[in-house]
Amino acid sequence: MRIVTAGESHGKCLVGIIEGFPAHVPLDREQINYDLWRRQQGYGRGPRMAIEKDEIIILGGVRGGLTLGSPIAFQIKNRDYENWQGYLDPWGPIKSGREVEQPRPGHADLAGAVKYGFRDIRNVIERSSARETAVRVAVGSIAGQLLALFQIRAVSHVVSIGQVQLKERVSDFSALETADESVVRCVDPIVTEEMVQEIRRAEREGDSLGGIFEIRITGVPIGLGSYVHWDRKLDGKLAQALMSIQGIKGVEIGDGFQSAKNRGSQTHDPIFFSQEQGYYRLTNHCGGIEGGVSNGEDIVIRCAMKPIPTLTKPLETVNIRTKEPALAGVERSDTCAVP
Amino acid sequence: MRIVTAGESHGKCLVGIIEGFPAHVPLDREQINYDLWRRQQGYGRGPRMAIEKDEIIILGGVRGGLTLGSPIAFQIKNRDYENWQGYLDPWGPIKSGREVEQPRPGHADLAGAVKYGFRDIRNVIERSSARETAVRVAVGSIAGQLLALFQIRAVSHVVSIGQVQLKERVSDFSALETADESVVRCVDPIVTEEMVQEIRRAEREGDSLGGIFEIRITGVPIGLGSYVHWDRKLDGKLAQALMSIQGIKGVEIGDGFQSAKNRGSQTHDPIFFSQEQGYYRLTNHCGGIEGGVSNGEDIVIRCAMKPIPTLTKPLETVNIRTKEPALAGVERSDTCAVP
Amino acid sequence: MRIVTAGESHGKCLVGIIEGFPAHVPLDREQINYDLWRRQQGYGRGPRMAIEKDEIIILGGVRGGLTLGSPIAFQIKNRDYENWQGYLDPWGPIKSGREVEQPRPGHADLAGAVKYGFRDIRNVIERSSARETAVRVAVGSIAGQLLALFQIRAVSHVVSIGQVQLKERVSDFSALETADESVVRCVDPIVTEEMVQEIRRAEREGDSLGGIFEIRITGVPIGLGSYVHWDRKLDGKLAQALMSIQGIKGVEIGDGFQSAKNRGSQTHDPIFFSQEQGYYRLTNHCGGIEGGVSNGEDIVIRCAMKPIPTLTKPLETVNIRTKEPALAGVERSDTCAVP
Amino acid sequence: MRIVTAGESHGKCLVGIIEGFPAHVPLDREQINYDLWRRQQGYGRGPRMAIEKDEIIILGGVRGGLTLGSPIAFQIKNRDYENWQGYLDPWGPIKSGREVEQPRPGHADLAGAVKYGFRDIRNVIERSSARETAVRVAVGSIAGQLLALFQIRAVSHVVSIGQVQLKERVSDFSALETADESVVRCVDPIVTEEMVQEIRRAEREGDSLGGIFEIRITGVPIGLGSYVHWDRKLDGKLAQALMSIQGIKGVEIGDGFQSAKNRGSQTHDPIFFSQEQGYYRLTNHCGGIEGGVSNGEDIVIRCAMKPIPTLTKPLETVNIRTKEPALAGVERSDTCAVP
């Protein structure tokens, strides 16, 4: 299955093509739009989120709510495009006077401008923006509807924001599904309140915060991925997919970094068998993946997202034209798909 | 560039092909063999390490010490093969009586046997074994010799073993290169001694330990990887390559999981410019990658390795033939490429 | 560079994404639209061609007429969609009573219906239709504008239609560029007239014709493609790209099938050198590719297109629901990109 | 499934890795060696063929005659290596005085030397040599043993050599299997004799000949390949695989180039159905592939091979060092896998 995405943050639209998706899979448009809406929520979201109300428009590969086996193509319109057309029109002319020349630390701005030799960093910003994750959310929603046919379901929730963190690991899938009721997607109402305070504190100081979220996938059969070749290992593939999300700086599976501190006897999950359950475990330190293959337990992954680079106290930078010191622009980056 | 590997742990040999490698690159055989030897070192290595003394044998793609642009093929012989031939001969017959039926928790054993329907878990063990990393070390050594032509160099060192950890981040490249002098590859002699004690303690208790290692790559130009597509991002590619190594459960870049706890003002690296240095930073919280693109600073990555699953106190498991409870076999897994 | 296409023949639109295209390439919209228009010409085109007037709409990757290095996404609207919406709406409901149940010989109809288990062959027709080549023409036009920066240009012309064929090989590039002036894209006005007669004759008899076209690419440097690996060979890649076009049943390079009849001394092109020209040849039997690598001469390829399967005398087939004999439907397939 | 090959023509060995091959497939070593032996036969083969007696040596992925699901790695030794070691040793030193400086027309020699900047064309010859097809034959034999489990079998035979050709299309699979009894692999004994005379005639005149061979694959189910995306079409994939074989200049499926001359009513294969046979055809003009998908009939492909470029009357060329006119070297190229 190939996933190819395109589109600029303030261009006409975002586009995605899923090639290799099976035929006969029923898709629920409301579910996809709900997932897109969910991406746009989150405590303290910026003004861009108020402008965009993302909706999937299928361009190919789906007929009467069923996939055709043909490539699934879709677009998500950028409502903000009308304000930007003069600056981003594919065929031009491009109005001058609004070039971005001050790369924001923490973004691809400088590296992108140097790599491609751009004088207007807007060319980088438009594609490196976290708004691109809207396409990935739509792809994920469609893929999730395929997996749901096999009773494989995923949930995600926020484990920490700044210094505030959930005290205990919650492994009950239904409990985790309640996370959406929290403004910060934390399953614990008290910790939710602390997180909100933590965010307010940072805001007052013109600063920003990151956090850690956890993904739990249940219903996974034994045997997804394979140990036979390095690039077939399920943990490696998930690590790439997640680390490539804007703002992610760390990925761990199961006990992750903690397992490097624990003893072997605390880390490996003894194997049991019963007629009713087949093979099963009483623990899940390995996060559902052993040797690069799913072992039938829930897959559990945590990702660390760094604080949003846009601060009200702007960071020091350099003008790429004049090479003079400057303050990073206040381009409000669209924050990432906090799950 | 394509990297394809093959070979069983106790089969005739391991094999690798690097397709797409440029022509005219001088390769140093001693460097590759040194890197293979280095993989086999480490405090408390098992008896297998004493048997194997890995050496690269080039089968194609190199002539007179120069690459030809043709695919580079090589093998690394398994000296232990002569003891295993009757059990692993490609054409058989296979001696019976030594089938592995007790999957080891923490390995691909159970998932692999279920996925492929094997009755002898040896079929899984032989390929999922960490001995496969010998091929990756050879590939890495060859790739490193290409990168060295561009003054890009990598070093790795051990940051923690069990509960013992290096107190401070060491960012001086030359200092890190001294890590090989330590039996546990830690740059601090006092911490080295503590790590050795930690290992002895675990051993006495029939237990095992994992640890965290750090990779630092210096001389990286601005612009490797790209933000334009999710699967071109350098951080994602590195995460896959590292997470797919046997025993790795976590990967973080720069401040990684810590950056999820810090403020934005502590996390993003202000940009400066001087005629001599070009663009530069005074900090490197992002670990040399912003927006999926190298930013010219050192790339810094940490990986968490779980404890080796082979314990003298064996773990509970199940016989896959009888489905009766059992104790995990004492197959000594070849431990992974601790850097 | 990755080329991914999507879209149904009578759906909302066709979509393409070109991922990996370089930045800073100037694109000419008129050229792309001209190439799309050219695809729709040809003597004896069906009514569908009158409905559609294809135009590229860039969705991403281009700004002010310059590529951004970001994926180039585009769509081509199907004007006919409004007549089909009730039958092809992504979300439905789908009107019944117009299911296609009679697979047309010569199309993917039967194989597609069996492969995917469709009861309505429309699901196959919509994607297997030669209208998909509109996306490839747009991709080709964009790629051609990149190649033109390096003075690499391609032309194509019709060599034969049915039994009528051009008597002599024309190798002058400028002469070939005049082919567009012929209604059947043949460089010779007399042969053009004979071809038109040949088509009329077949039409009168309710039959259809195929033909052979030739592509000539000039300005090609020595060294495109490589002999080092089977899937890097330029001839193999071109053969796949061309054979995958709807209706193509044969591909040959240079003297092609004739070279299997000729002697070696008539087939290989002696090598010469002069200060002005560098290496050059006086003959080009090999069609510009030796050992899978371009040799600096014009690349010359011929492709055989079978007659359009839609005849006024319909072909025998079987109803896939009733399994009763039937006559193939008169669905007018959009004919392929005759060059 | 990935197929990666490596190895030089007179180097230590040829190497292949098949990654993604299923587990539990029984492999027959004698069949593979027979297929390798068969590659080396053929009327008028050169002296190299007498030196090499190819045999497969499995390096990984097979145990007791069964595949493991792990990558299958193998080597084929070059017996001639001992005579070449001083010139081709991976680590050198390389004896001087035997550099190849006169590129042979019809080979990758000149293009390869220019592309990679080699002064010794031996670096090109060693990899571009048709001896590389030995690896492909082994891969094909292994793949064929998998397909045989599904009753899919392939045969090939020679249709023409030079001007002499088989008069009629032979479509009986068993009859085609007798082709191996002919010294030139032609099913007709009289035509065989004419072909031998044709070869002798060319030899006497210091010239060489090419020919056309046909591949027939029987037992193919409906539905291999797909019309949904250009690079999933079975005809395109086969065309690439075949055109990338050394010496092949044309590929056609079914009636191929002839279908461009015939009428539609002669070209498309009407569809019938019976309870016993399911869907079937009485004709097979399309060669078993419609719309890029197998249609259940035999797949029939013809390939044109140009004459071997090595002539006793040497061709004109240029010395790449001196740029003086020269005669092409008499390096006997290993002729290709005539089927």
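Each chain carries a letter (A, B, C and D) given by its place in the written order, and its residues are counted from 1.
In this text, contacts are C-beta pairs under 8 Å (C-beta built on N, C-alpha and C of every residue); 3 or more make two chains touch, one makes a residue touch a chain.
From a predicted model like this one, the values you see are computed outputs, not experimental measurements.
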{"item": "Winner on C-beta contact pairs when B-D is weighed against C-D", "value": "C-D"}
{"item": "Per Cα centroids, the chain farthest from chain A", "value": "D"}
{"item": "Chain pair equivalent in interface to A-C, over half of contacts matched, among B-D, A-D or A-B", "value": "B-D"}
{"item": "Chain B-chain C separation of Cα centroids, rounded to whole Å", "value": "47"}
{"item": "Chain B and chain D, separation of their C-alpha mean positions in angstrom", "value": "39"}
{"item": "CA centroid of chain C to CA centroid of chain D, Å", "value": "27"}
{"item": "Multi-partner residues of chain A (at least 2 other chains)", "value": "4-5, 19, 69-71, 127, 226, 228-229"}
{"item": "Complex interface listing, chain A residues touching chain C", "value": "2, 4-8, 11-15, 17, 19, 23-24, 29, 58-65, 68-73, 75, 88-94, 116-118, 123, 126-127"}
{"item": "Chain C residues touching chain B - in the complex, by the definition given at the top", "value": "19-20, 69-71, 226, 228-229"}
{"item": "Partner chain B, residues of chain A touching it in the complex", "value": "3-5, 103, 105-112, 114-115, 124, 127-128, 132, 136, 160, 162-163, 202, 205, 207-212, 222-223, 226-231, 233, 235-244, 246, 248-265, 267-273, 279, 286-287, 290-296, 304-311, 313, 315-318, 323, 325"}
